[in-house]
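These notes open a run of structures that come right after.
One chain, chain A, appears in both complexes that follow, with chain B as partner in the first and chain C in the second.
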Partner chain A sequence: MNPEIWRRSPVSFDRRPAQTETRDNWMVVLKYEDESEGPYLIDLSPRTRWDVQDSHLAEIRPGGVPIPDKPGQCTFQKGILVNRMNRTQAAVWHLTGETPEPPAHAAYTDVTESTVFLALVGRRVFAITEKLTSLDFLDPARSAPFLLQGPFSHVPCQVVTLEKSPDRAGILLTCSRGYARDLVAAILDAGEEFGLRPAGQIAFHNWLEELGY
Partner chain B sequence: MALTLTCPICGQRNGYEFRYGGEEKGPRPDEEGLSPEDWCDYVHLNKCVAGIQKEWWFHRDGCGAWFTTQRDTTVNLEVEQPEAQL
Partner chain C sequence: MKRLTHLPTLRIDPSQEIPLKYNRRTYQGVHGDTVATALFANGVRILARSLKYHRPRGLYSLDGECSNTFMQVNAIPNVCTENTLLRRGMTVEAQNVKGTPETDRMGFMDKLDWAMPAGFYYRTLHKPARIWPLALKQVRKAAGLGVIAPDFEMKGKYDEIYPQADVCVIGGGPAGMSAARAAAAQGLRVILLESRPWLGGFFDYRPAEYHDGVPLYRRARELAQRLEETTNVRIFSHTAMVGAYNNNLITAFQQGGPGDHFDERYIEIRAVSVVVATGCIERPLLFENNERPGVMQIGCAHRLARTYGLLPGEQAVFSIGHDLGLEAAIDLFDLGLKVACVADIREDGQDPRLVDELAARKIPFWRGWVATRAHGKKTVTKVSLSTIPGTQQRDFGCDLLVASAGMTPVTGPLTLAQAQLQYDLHTGFFLPAQLPPKVHAAGRLLGLHDALAIEASGHLAGLEAAADCGVSVDADRQRARENLDSRPGPVRGCKLVLAPVKGRKSFICFDEDTTIKNIQQAIAMGFEATELIKRFTTAGTGPGQGGIPGHNLPLFVAQYLGEASVAAQPTVVRAPLVPTFLATYAGSHHDMCKRTPVHDSQKQAGGVMRRIGVWRRARYFSQDFSCREEIVNVRNNVGMLDASTLGKFRIWGPDALQALQRVYVSDMSKVSEGKVKYSAMCNDDGCIIDDGVVVKRGANDYYFTTSTARAGVTGEWFRYHTRYDGWNFSIVNLTDAFGVINLAGPNARQVLEKVADADVSNAAFPYIGYREFTIRDTIPVRAMRLGFVGELSYELHVPSSYMQALWDILAEAGRELNIRNFGVEAQNVLRMEKCHLIIGAESELRTTLHDVGLGFLWDRTKTAAKTVGAVALRQTAEQEGRLKLVGFKMEDPSRTPKDGSLIVDRAIRGYICIARHSFTLEEPVGLALVEAPLNQEGTRLEIFEDECGDRRLYAKVVPTPFYDPEGTRLRI
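On to the complex of A and B.
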């Protein structure tokens, strides 16, 4: 990519970054000053995301990972989270590893720069989400990871519950890029009483490692 | 009265998450010999039933699925589970 083109996350936190790196023309915050112990709100917008639409999704394997059969199901392998959205559509989120180019297949659209991507991880996460949405991220009938699609703080979102346990709970959510500023403000406001703080991507990768991913 | 609808993928949700897609009018008429008047009637005329009506809905703020369901228009309540269009 042309080194003069800068890619900007739609999310900016009112905190001073302590450690950053440049990755694929994104300025990625790895760590903020005074992150404390969480829970954390983490901007993952620079992580590559693809939209996959095809009438024969069963024949497509993004990055070698199969697309689940039923809407709402997720597959998490090789650092790639694949979420089945409906009969003809799936979302592919690259949570770890290098930034791949989308395959040449017409089913793929790179939506990295058209959407915002956030992680909400740590203690009392579901106490925070309860203030923002009626979606049930602790649905006992479903085992993590699973996908819910619906309003989160009145914004249409895709939300994946990656972990339900009280101490290490975590969700990932994505929506259109234009909602980023107000959505982040609403989440931080709802999480203030629970000690919610912005954190860099190191905190996210540490959390994934603790879960054994 | 708050309408809730049962999406075949997401389950029961607030009616504000959905977009109304019109009455279920049956299959598209055969174009062979179809007069402009009949086509116009098919597209624009509705029965507007006062009672239980089969109709289309789109889960706009959720999974993006189209489905049909039965709604009692006199009380604005869903009366049957939707027929999934997955």
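On to the complex of A and C.
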């Protein structure tokens, strides 16, 4: 591997990084200057994501984590979030920052490069999201984490509500990589009145820790 | 004008003054004022002139039921100033006037009403026909409702939200608030929409007793406070509901207040159940000059005083048909208004306590009398009253006429929700005969007037809505129903529409200047259906959406025709119920499009970016849109194209090959490792819909590309066409996972071999070969040797995160060769010279594989695969009368026809798909779809270009491809 060849995230915030780290040729921002107290928009695009497709999904355990039975359900264990999408398909998101190779099983496809991966966490997150989508992240009939698939700022997205509580609320979302710039601009614009700012990976880890993950 | 500042019902803060500019003068309003009430406080009585006759108009309803108070505010025309809150620095101008509203030079139009009968626009000045365009210009100059410049840019922030609710309550009056409380008490998420800036409805401003000595306004505030403290209720005030759609999708728009981050925002709510508690507005009383400034409805006069602290006049006459009129007369008298007389249309049925109170104040009270004429040139100076039959008449000097025929329910939301309305003889209302599932009505709009009954009705509706959401409330509902039944029911309504007058200046629709006489003229011309009369006379087609004429028009028509068979039917209302800025619908204007990983570097390199489908792509790399240098460079040197937008897929599994066989026309079992296979897809009609290449990457594991346009639908296309087979295969869309660089030109290999960690010589990596290797030990590449632009080309598929790095590496490696970018347009010309097709450009919905000369791709022998489109391909292979793709060259080499130009003789015989000047061939060439008889080589084509008049261009059908027909340049 040539360390001078950089991989680039589809997301670039108009903020000065205060702390960075190199991982697998990605330049990862750990912290931005003047992050304030949130809510935060965090770029998780370098984190590994797999697509799993098989007619016998129940027999597959990505990283030892079971795939939930019903579409819309999620399992979050060992830093791996597994989202059941439909009868034959699940998404596997590695939230810890590790970059494991996909298992040899043919069911797996590495889709890290396919999508932009964002976290929107902190106070009044759902006041921001309701400006962008009619997806119901606070549906009382669902317990977090749960997956919704639908338009977010008019772009087809997969969105997982990881936490509903008002102070620590948070969602994770992915969509086609090409939409990254416009999606980020739309989210930041919607969040401006609530003090939304870009934040680095540390903010994400702190948030996960606060949630007890 | 002195304000009443001591009233507990006020919604203004007189201590906070807010200036506004009107007619080049600065006026002072106060916090809480609307623009119109601020002007009224400063003595402005005429706010606008009417559409057609330029009649003076002023405050009438205070709820935006007509265009009387439409003005230009901060350069925005048609702002309804009676419900637009005053903000600091506003500049207000009158519209549709020449001069000022007080002295409008177009005021003479009012005397020309005889020349503008019903249907004037359809019937007059049309013969001879040449007159009409001239007349139309003059009509448009004289009439109108606001003017907007074509380049006008709407300032402000317009937002949108999509909140979720179990129950959506429309209307924040007592019934609506009770409904919201009842539903919220069941733990449901409730949204309450209220069009005024505060809750309270018709309790809000009234000091009359609610119960046990508590005044209505205090009860309203209690209810509002409790609701505001309920965490599972969201209140959207100053929010007008504008639409209702399937499955209780409710749309609304909200005006922003001082602390809001928006000027206006669009709200879209998906609710399980909806409660409509929109209450009533007043039904206008029709008499001569019934819209003269100084004539206003009961609620308008009462709220001016009680909400804004403004006495609506000095000396008043009341001509009313409802107890609210008596109550208002008493209260306004107590606040200092002189009341000359209260004329009640009703002979009986009044609340005796109110009649006694009138008597106690020595206010003359006449039963069975009605206003027949408002006098005064610009504002009211005198009123004529008469008995209902018109036998007696009296005049009163006054500056205020409070006039109302009674109440009418606000049923617009119910109509939009598909409720069936029918006329109710008791109330005189159009009431819902049947409500759609999960829609409920409550409160005053059902004819209730008693305060406790209204609340009980709302409570019951809230429980009904909760039941819709699956909550078990049977016992509560039973109790609520019994409570409602124990209260007074709907009150008898007044039926009078028209005072005993001829109706020449009795306006049934203020927005459109439609008079009773116009309605009579329409009926005399044979119109009997109210909907047709509405259209012919335009009554109710203005921005008020029937707020003024909506009830009176069908009643008047039914009464006028007087036949038993003619039942009163309400006219249809449509969304948006309230005029809304287009800017509000547009929201925050985010144009969501996709960008490739090298978007920025292309732009920095001079790329002219264009929206192409969902993508933004570099179409040109200079301002020379012929792309001469880009094209010549690829033909003679080497260029780089960003082709990342191509669709890319992985398909795998035991039955992946069968799926490919089903969807592609070729025999896909012949896809061999290390090679690229080009093929096409057709639909069931045999029409070509896509093309691309397939490579095999492992056992039952394939990677294929599609056109950019089909990238979003190809996965579903595979699944749809294999849905009954139960095959075991998977497909994943990798379009965004890989960036693609097309490195093309005779020197392409010299660039690639500098950076690739593999042998890319012609022998090791021949034409239509497929290889996987790394670049600079780091970047994994899937490389295809293709030739879309007709030169030695490498299509390099690379993980998107590495795309920019590879782009930079190739640019650096090619620097000494003067490598340069080329864009989509250059590619378009290059591939056209080679006659390589773009599906959609050289094909259309009816173009088969055979029509474009790609029939050779179809493998007729794989019948077991049941290839999509194969049956139709068999039937159309030799079919006559089809359009065929041909190449052509122009007779006049200085002239290139436009794309889309028609091929003609005496009829249309085809069209040009693409034509460009070929810098390689140094003449214009193109491709056209023409009728089969014209596709023979040497045929002369006659070309009709738009706006060419009688002149024609001529071309000749020639063999294709135009460039390198042997394909030697692909194989070097």
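Methods note: the second predicted complex is superposed on the first by the 207 of 213 C-alpha atoms of A that agree within 3 Å, B and C clash if a C-alpha of one lies under 4 Å from a C-alpha of the other, contacts with A are read in each partner's own complex, and residues count from 1 in each chain.
The criterion applied here is as follows: a contact is a pair of C-beta atoms (placed from the backbone, for glycine too) under 8 Å apart; a residue touches a chain by one contact, two chains touch by 3 or more.
Values in this document were obtained by computation on a predicted structure and should not be read as measured data.
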Greater residue coverage of chain A in the superposed arrangement, chain B or chain C: C
Contacts of A:P71 with chain B and chain C, given as first, second, both or neither: first
Which superposed partner A:Q149 touches (first chain B, second chain C, both, neither): first
Partner chain(s) touched by A:M85 [first = chain B, second = chain C, both, neither]: first
Touching partner for A:D51 - first (chain B), second (chain C), both, neither: second
Contacts of A:D182 with chain B and chain C, given as first, second, both or neither: second
Contacts of A:R61 with chain B and chain C, given as first, second, both or neither: neither
Overlap of chain C and chain B interfaces on chain A (superposed complexes): 89, 134
Of chain A, residues touching chain C in the complex: 1-2, 5-10, 25-26, 46, 51, 53-55, 88-89, 106-107, 109, 111-115, 130-134, 136, 138-140, 153-155, 176-183, 185-186, 189-190, 192-193
Of chain C, residues touching chain A in the complex: 159-164, 189, 261, 268, 270, 588, 590-597, 599, 614-615, 650, 652-653, 700-701, 728, 730-738, 776-779, 799-805, 809
Complex contact set, residues of chain B against chain A: 9-10, 13-14, 17, 59-65, 86
Residue numbers on chain A that touch chain B, as the complex places them: 71-72, 85-87, 89, 134, 148-151, 156
